[in-house]
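Labels run A, B, C and D following the written order; every chain starts at residue 1.
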Amino acid sequence: MSKKNDQPISRKKFMQELRRYERGSVTRRHFLGVTGLGVATAVMGAAVPGLLPRKSWAATDIGDRVILATWPNYHDPANFEKFTEMTGAHVQVNVFGSNEEMLAKLQAGGSGWDVFVPTNYTITTYVGEDLIEPLELSKINNFEASAFDPRFSDAGTVNGTVYAVPKNWGTTGYVVNTKHTGGKQLTTWKEFWDITKTDFTGRTMVHDYQLTTIGNALKYFGYSFNSVDPNELADAEKLLIEVKPHLYAINSDYQPPLRNGDAWMSMCWTGDGKQLNTDMPEMQYVLGKEGGEIWSDYYAVPKSAPHRDAGYALIDFLLDPAVNAKEVLAHGYPVADSRTNELLPKELLEDPILYPAQELLDALEFGAAATLTDPNRAELLARFKSA
Amino acid sequence: MRIYTLAVYLFLYIPIGIIVLFSFNAGRHASDFHGFSIKWYGTVLANPFAMEALATSLIVASTTAVLASIFGTMAALALQKVKGRIRAIYDAAIYIAIMIPGIVIGIATLIALVTAFKFLNPVLENFWPGFLGDAPHLNMGYASVIASHTMFTMALVIVIVRARISGMDRALIEASADLYATPWRTFWQVTLPQIFPAILAGFLLSFTFSFDDFIIAFFVAGTETTLPLYVFSSIRRGVTPEINAIGTMVLTVSLTLLITAQFLLRGRGSQSSTQ
Amino acid sequence: MYGSWANRLLLVPATVWLLVMLVLPLLVVIIFSFGERGTAGGYVPAFTLEQYANLSARFTAFKNTLLLAPTGTFLCLLVAYPLAYFLAVKVHPKWKTLLLVMIIVPFWTSILIRTYAWIFILGGQGLPKVLGFLGIEGVRLINTPTAVLIGIVYAYLPLMVFPVYVSLEKLDKRLLEAASDLGSSPIEAFRNVTLPLSIPGVATGCMLVFILLMGEFLIPALLGGGKVFFIGNALVDLFLQSRNWAYGSAVAATLVIIMLVTVSIYMKLVVRNQQ
Amino acid sequence: MLSADTDAVVSFRNVTKRYGDVTAAAHLDLDVTAGEFLSFLGPSGCGKTTSLRMIAGFDQPSEGEVFLEGQRVNGVPAYRRPVNMVFQHYALFPHLNIEENVAYGLKQRAPKPPSKEIEMRVGEMLELVQLSGFNKRRIWEMSGGQQQRVALARALINKPKVLLLDEPLAALDRKLRREMQIELQNLQRNVGITFVLVTHDQEEALSMSDRVCIMREGKIVQIGSPLDLYDRPINRYVADFVGKSNFFDGAIDRIDTTAVNVKLDCGLMIKANTGPDLESFESGDPVCISVRPEQVILARKEEQLPADCGVKIKARVMNRIFLGEHTEYLLRDEKLGEFLVLSPRQNERSERPFDKDEVVLAAWSRDTALVLSSE
C-alpha cells in the first residue's frame, strides 16, 4: 500500500466513499486507501516505526503464533495480516457458537487459546472457576480505561481487578427480509414469534443458544430476558415448542441461509445485522420494543495460554484506535472506545443499527451470570431442540 | 443395472463436483458463482493455518494408521493362540471399541484425560527429577488425538486381519515349515503375504478414518487443529471458496496417490509375468 | 514367535491401548454418571442416581435415534445392495478395483466439506431450484428429516457396499450356474442362492452402519438445521452447552448400554439364523 | 530306551498320540525301509494321517519314540526334519508362482544355494514332473493335475529322506488318478526316495505300494505286501478292506490237526484248512469264512468241477455283470444268502455264460477258504 494519500480527506468525501464501499462498488482496500484509515495501518506496518512509541511488544520476540477464540464475522482479516507482518506471529482464529461452548472448552482444559472473547455476563464465572488471569495492563498500553464507556467496560473488572478489556458492544435483535413482509415494518418480539407461526413458517431461524433464544421468547410475554422463574420459563417453553415446527433452523450460523434466500428472518446480533443490511438493503435489523439483550464482549487471557506474550500483543494491537476502527468497518459492531469513535465516520456513529434509539436501548438488559449457568434454562433448550 | 450403478456414482460424486466447481468461484460467498478464478488456491496455500492443519491431519492420520496396523496385526496374530476366558475378554473389548460411537469415545476420552492430567501434572511437577529439566505438562494435543484414533482403528485392524487369518489355509503354514522355513521365516514369507491385503485394507481404513474424523478430534485435540477442525471453524466464519479449494486439493492429492499406486502395482504385476 | 511369552509380548501394545484409551475412559464415564454437576458446570464427585432418574428428559432424543438408526441402515442397504451385486457379479475384474476405490475416494475429502456441499444442493439455490425450473415448485429439502436421511445414505454407503460386496464376491458363480441348470429363473436363483449367501455381508454392513448411526450427530446438526435432534446432539449439547458432565455421562453410558444390548440381540439372531 | 532298526528310514517305537481325551494313535510300531513305498490305508479317523504328521513333525508323539534314519526326532520341529510332504490339497503358496513355489525349500536352506543352482534344479524338477516352461505361471492358472505335479516337484527338489503324501490324489478325477498312480510309482523308482502315502483308497494303496500298513482305530492291524494282505489277511477287517470277499459267519465246531470245521450260522458245516493262526482258535469261537469271488468256480454239471473242491453249493444266478476279462455273478443260495463270484472269461469260452435265474453249482477248494476271526 502506498502513502500517496496521506492527506486527510474531507468529511463529505469520506461519506461518499463510505456509501460506495457499503454498496460494494469499491473494495475495502480502495476505501481504506482513500479515506486514510488504511494509511494508519500502513504506517504501523513498520514503515515508520518511530510513530508507534507505545508498541511495547515490538521489542520482544513473541513467537510465531497466537491463537484467538472468538465469534463468527467479528474481525477484519486484513488486520490479522498486518499483525503478522509486524510481529511475525500468525493469528489462528477459532470461532465459536456460544459462550457456553467457550466455557466448556476452557473448563475441559487444554484449549490452547491465548486470547478469547467472553461476553460480559460470563466473566465472573471464569474468574470463579479460576480460568482467566488478571490482565497485566502494562502490556496493553492501548487500553486507556478512561476512554471507555463504563457501561461496556465494567464487567471486565471483578472485585477491583481487571480481567478483561472491552472489545465491542451490541444488541441482540432480529433481522427480517422485508421483501416478504409486504413492506410492513416489524417492531416487536411478539411479531417475530407470531409471524413465524403464520406467514414466515419454515423461514425463521433462532440461535442455538439458550440465553438469547429463551430470553427473546420470554420477551413475548414481557418477562425479563434473564428470568429463571420456573413459571415464566414454562410459558417460554410452551411458545418455543409451539413455534418449533415453523422454524427453518436452530442455528447461530444464520448469515448463509439469509443471504441465499432460504431463510427470511433470524435472531441476529448488531454486526451481522449491519453486514447483511449493507449487502442487502431489504434486510431490516429490528430491536423488539419489549426489550431484549444488550451486551458487551471483552478480550481476556486464559490461565492456560501457551503464547501469553503474543496474546497480550494481539490484544494491544486490536485495541489500537486505528486498528479498532478498521475492525468496526469490517464487522459493524459499535465500540465503547471514544478514541476509536473519533476515527469513525459520523454516518456510522449515527447508524440506527449500531446505535439504536434511546428508548429502544433503555428497554434492553445485560445478560446475567446466573442466566448463563442456570441448569433449568439449559434443560429447557434441550427439550425445545428435541421436541 | 448399469444405469443404476451410474446413478449411485453420480450421487457419490455430484457433491464432490460442486466442491470442485465452487473452489474456482471468483466470488466471496460459496453459495453463488461469480466467475472463474483460482485465487482461492493461492489464499489457501498462503494460509499458514490451513497448511498447518493439513500437516497436522497428515501426521495424525499416518501415525494412527501405522500404529493401528502394526499393533492390530500383532494382536490379531497373538489372539489366535489365546483361548478361553481371556480370549472372551479381548473379544469383548475389541467389539466394544468398534461399537462405541465416536462421540462417546471423544467425550469419555476428554473427561478421562482431563481428570487424569489434573491428577498427574502436580505429581509430575513434584517428583520430576530436576536434572531432566522442567517437568512435562501433560495436555491434550497430537498424542491424545492419535491415541484415541489408534484405539478405535486398531480394533478395526484386529477384526479385519483376524478374519483373513481364519480364512487362510493352515496347510500353507505347515507346508512352509515342511520346506525348512523356521517359524520366523514362515511368518515373513507365507503368513504376512497372505494377510497383507487385510493389513493394507486396515491401514487405508485407519488412515481414512483418522484423516476424516471430526468428532473425536473436536473433543480431544487441544491446541492442535486438524483439517476437519479447521474446516469446521472456517465454515462458522462464513463458507468461503477457500474451504472448497482445500477439499479439492485433498481430493486431488488422494487421487494422484491412488492412481500412482495402481500404476505401480500393475507395473509390478506385468513385470513378474513377463520375466 | 510361537512361544507363549512372545505371544504375550505381541499383545502388550493392544492391551495397553485398550486399557488406557477404552476401559479407563468408560470407567470414568460410569463414575461421573453417578456424580453431580458443579454450579458453573463440570463434575462434582458424589454418589447419586439422580442423573439416571432424569434420563426421561432425553426420551425424545433416544426415541429419534432408535428410529433413525434402523431407517438409515435400511435405506443404505437398499441403495448399496444392487451396487455391490453389480460390482461383484457383473463387472469385469479389470474394472473392479477402480470402481471399488471410487466408492471410497469421496471419503478422502472431509465429511464436513461434503456435507456442506449437500447443504448447498438441498438448499433453496440447489435441487429445489432445479425442480422449480422443471415446474415442481415449493420443494423444501434442507433442514428436514429427508435431508438428514440423504446425508446419512451418502455418508454411510461405502460401509454397506463393502461387506456386501465381499460376501457376494466370495460366492461361487458355479452355484448360480447350478441353480439355473436346475431350472431356476435368474430371479429364483438370486432369491435361493445369492441372497442367502450374502446374508453375512448384509449383516455385517447393517451392523456397522447401525452402530455408527446410533452416535451420529454431525449430519443431523448440519442437514437437519438443529431441529432434528438425536442422542449424539444431546450429548454434544450436554458437554458443550450446559456442561453437565454428570448427566452427560449418564446419557452416554445409557447409549452404550442400549447399543450393546441391541447389537448382542442382533448378533444372536443373525448367528442363529446362519446355523 | 528303544532303538531303531538300522536299515529303517522311519521307525515308530510304541508311539501313542493323544489329543486331549482322544487317542488318535496307540502303541504303533513300524519300520519303513529305505527306498520302499509304504502306504497307510484305513478309513478316516483311523490314525493314518496322525502317523504321517508325526513323521513330518507337525505333531509330536505323546508317548513312544519316532526315529528318522536312526536319529530320535521327538520334539524336532518340522522345519528341521529332512522329510517333505505333498499335502492333500497341495497347499501351494498362492502368492508365489510355480518356480517360486518349487524353489521355496531350497531357499530356506542355510547356506542358501547360489541362485544359478536353484534355477537349474527348479528347471530339472519341472522337467521331471513334465511342467517345463510353466515357471512363471500362477497357481490358479494350473489344472488340478498340474498343481499336483507342482506339489510333488516342490517336495522332491529337496531330496528328502522320506516323501510323505497325504491323500495326494483325492482331489483328482478317476482317470487322472489312475495316470498319476502310475506316474507316482515310476517317479518313486526313478528318484529312489522312500515314499510314505496316506490313503483311504485300497486300489491306490495296493497298486502303488511295496507294503501297505492297514490301520483301524489308531492301531496297526496288519503290515505286508499287497499280495500278503490279499491272500493272508489276519482278520475279517483286512480281508474286507483289501479286495472283495464273501464272508460267511459261523463258529468253530471242531479243530483237527489239518483242518477246521466251521458251523455256519445257517446250519451248514464247512471245512477249511487255512487261516493265519488256526492254533489260536478254540471250539465255539465266533469266526467267519472268507472266500474271494475269483476263487469260486461255477459249473453246470458236477463233473466239470475240479476234484479237490471241498464245498459245493447249488445257487441261483441273481445278476450278471460283464466286466471284459471277467464276469461278475451275484448268486443266491437259500442258506448262505447272496455271494459274489468272479468268473474268468476263458472259463466261459468252453461253454456259454450262465443265465440269470439259472441254477448252477458253485464250489471252492478248502485251501482257498480262510477262517478269520470275525473282528
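Note that in this section a residue touches a chain if its C-beta (ideal position, glycine included) is under 8 Å from a C-beta of that chain, and two chains touch if they have at least 3 such contacts.
Remember, it's a predicted structure, so these values are computed and weren't measured experimentally.
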item	value
Most remote chain, CA-based centroid, reference being subunit C	D
Subunit A-subunit C separation of Cα centroids, rounded to whole Å	38
Inter-chain centre distance, subunit A versus subunit D - centres from mean C-alpha coordinates, in Å	94
Centre distance in Å when subunit B and subunit C are each reduced to the mean of their C-alpha atoms	18
Chain centre separation (subunit B, subunit D; CA means) in Å	58
Overlap residues in subunit B, where contacts from two or more other chains coincide	30-32, 110-111, 183, 219, 235, 239
Subunit A: positions in contact with at least two other chains	260
Junction residues of subunit D - those touching two or more other chains	none
Chains that touch, pairwise	A-B, A-C, B-C, B-D
Contact footprint of subunit A on subunit C as seen in their complex	37, 39-42, 57-58, 60-61, 64, 123-125, 140, 142-143, 225-227, 229, 233-234, 237-244
Residues of subunit A touching subunit C in the complex	98, 100-101, 103-105, 107, 125, 128-129, 202, 208-210, 244, 247-251, 257, 260-262, 373, 375, 378-379, 381-383, 385-387
Interfacial residue positions of subunit B with respect to subunit A in the complex	29-32, 48-49, 110-111, 114, 117-118, 139-141, 219, 222-225, 233-239
Residues of subunit B touching subunit C in the complex	1-2, 4-5, 8-9, 11-16, 18-19, 22, 30-32, 67, 70-72, 74-75, 77-79, 81-82, 90, 93-105, 107-113, 115-116, 147-148, 150-151, 154-155, 158, 183-184, 187, 204, 208, 211-212, 214-215, 219, 227-228, 231-232, 235, 239, 243-244, 246-248, 250-251, 254-255, 258, 262
Of all residues in subunit B, those that touch subunit D in their complex	169, 171-172, 174-183, 185-186, 189-190, 193-194, 272-275
